[in-house]
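Note that the chains are named A, B, C and D in the order they appear, and that numbering of residues resets to 1 at the start of each chain.
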């Protein structure tokens, strides 16, 4: 295995597709939105990417089946355009890993003929707010942002730098002449936020002209929060014990 | 020396062996179990693996002899099958190191003709429990899990992600068509746990149909705990002093 | 993209130029000084450098346009000499990255025919002081320091080791026979310090014999401080949440 | 520059030399001892090693002259044998860097015809003791330890793992058939310890049959402590400010 292993599960059927990316991040906004899109559009998984740059663990399904952590590729058709939806368990674990992963995703996108990129995510405010979460748009080409305000998407400074794959896909994509935007939902930052994910999805579906049923989004967020809280409890035990597998402290025993 | 140095101490005599892995981790369950197996089955060491991905220290034997840290390979014969037992001092120190080490171990396993993998370890609950520790099974092939429940091995979600070599051996092994399971013993997480190791060994010996005398397992755990507590004291001194060798702070002196 | 991407925006017009470097660091002294120099000398950007060694985020302009983080190259002419001014958003994220970045900058400098290097920065005292900040000079060739004291530049031990690109450009430059100095302004260390930047710029302009209007320097520092405090607030939210994109904790969700 | 730059300052005049290593570490015991040996034996510097694996800073001499951080090679002659003394400012910054640096030092040693290695260092007890510090010996060949006890060198478990170059030189040297010992002086761990360095030097000179005047060792330790406390103050300012050069936080400014 080289640094990346890209596995094509079936030949995709795509014409000038638009790429939608949603990986774990602030408020799980991007991942929630992308996962929901996959389900509501009946998107079909056609490929997966493993990497040595990803965290050194495996996931276990409810049936007890182990899987290496992956970024998954789905295809879906909407009235106006074909979609490639990228979602997954993880991001890379180092700065270099983020750059390499983003370049790899752009390589794959170019081969798939992707013509435009949308990266979904959240931006943290640290505040609870009852009003509808704002969505901020940022793009790697100024012209793309025209018309965003008319569709209820803010375009202004205030998002801060964008970390991880979302930002790099657009920044490095620009160097390749690939156009794209980030749609970032306002969120507290410390909670899994289905309301922010919904706002982001509404902005995206408005821009791409398709419909998404949002009724199950809240339930999905609750399930995610449950898993997260269990995992954080486990992580705390490991930390206190200084006994996590792969933890250097473990290594001292002779 | 390349990134890995694999040293064959003697040509192994193995037919379709089963691989059993137990490296340092949660509660030292996996390492305790594998070390105990080596001793009780009179397993013979036939190879060792060093790597630049391992921690940058050497161990010292009670006789004052220095050794680089290693993963050791043992062979043993049971009534039903040959075993390759992997145990050792350490795991890798980075995510990439974990991936590379796991791939290396799989390369070696393929050359040895390994037909099945069992990874031994613990899962942390953060609770003390007087009842017999549960053992949870997870596998990289759903079919393998059939029959586990009849043997007293739980198969259910609740183990969380599996970190380090144990998980990756199975996850990456799956990509190569190698089948295997993880057997994880319930444990507090902050103590060296011979009871959990015993439960895991009982599950394994039940599955592979051999006998292991458990009478010395507690003593082994106590010795391990002693070494660990001494090392943790030393580590604390180093940290407080900011004077550990290899510590960047040390480096400021001109 | 290899580890570095150097993009020449226009062919520079330079004769035996002097290199002036000012990247983010202690008190933002170096970056403030270099940015100010760029503006006051109407310096023209002619190239930019991206790298996998840089942090994994992108910046967003007030217009909502995304950019990968970069080190920028400007050219300016003064009465006595041509200048290449290096400034930018970031430094590398690892020791190795710092070495590689410094070597890359020296490669580019050699191709541009750079004959001398000045690295601008601060040294932290942890104290507030109302008197004019001292400037300390250090060089990779003892002879260069002659005459510094007459120009009000201190030359004495007391700067401690110099970290990052500023130090390495000079240290590694020495191996290539490139001469240069670091001009370090006294600063508290915890505040964006325009007074220290001014002292450093005065020392530089005195040495190179040009004039710089300092009237807008304070305003620039205030703007910098504003951006920084906003970003630090965001960073805190991310940390508390353990939900920053690219944060390993995020990765545990299955 | 590749990962290492080895610079031969003059052709050494050595016959079957013994290598003595003392780099920064616990209690500065090893570095103090090696530096003292260099001075008292009038050892002559003949080579230096720089590396991308070393910390990303440069040192500044009292005269204001910058130098990249280095490991230095000295030669000296004693009645019984020639010595190569390795000392320097730093150790590597990562596990992999430690392995690579140790292998590089062994490569150089082999070319110099080194026949035996002594690594000098300390082991931390966390206790102040008024009695003469013990010296513990550990070797990569059991036979070498014979006779150590008669010379007042303890040989017993209790040193714990040996970190950094000292341990790896011996561990990896063993794989190449190079014999050697570590001589570790008992020390508190949090103080620069000239008494421990003296005990280690006495053990070494006893084994190699030469004399060293110890009268200036205390003074050297005091100077070292002074530099260290100044640097730690600086480091604290940087940390509190979150503004160290090369610190990722710095990088957020757009």
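To be clear about the criterion, a residue touches a chain if its C-beta (ideal position, glycine included) is under 8 Å from a C-beta of that chain, and two chains touch if they have at least 3 such contacts.
None of the values given here were measured: they were computed from a predicted structure.
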**Asked** subunit B and subunit D are the same sequence; what rotation (0 to 180°, nearest 5) superposes their CA atoms?
**Response** 90
**Prompt:** Most remote chain relative to subunit C, going by C-alpha centroids?
**Reply:** B
**Interface residue identity across copies subunit C, subunit D - same or different by half** = different
**Asked** Just curious, how far off is subunit D from subunit C if you go by their C-alpha centres, in Å?
**Response** 34
**Fill in**
For the pair subunit B and subunit C, the C-alpha centroid-to-centroid distance in angstrom is 48
**Fill in**
Residue ranges of subunit C touching at least 2 other chains are 54-55, 57, 59-61, 69, 93, 160-161, 231, 252, 254
**Prompt:** Hey, which residues of subunit B end up touching subunit D in the complex?
**Reply:** 1, 5, 50, 52-69, 93-94, 230-231, 233-234, 236-238, 240-246, 248-254
**Request:** Please name which positions on subunit D make contact with subunit B in the complex.
**Result:** 23-28, 31, 54-55, 57, 59-61, 69, 89-93, 95-96, 98-100, 103, 121, 124-126, 136-142, 145, 155-157, 159-168, 170-172, 174-175, 182, 189-190, 224, 227-228, 231-232, 235
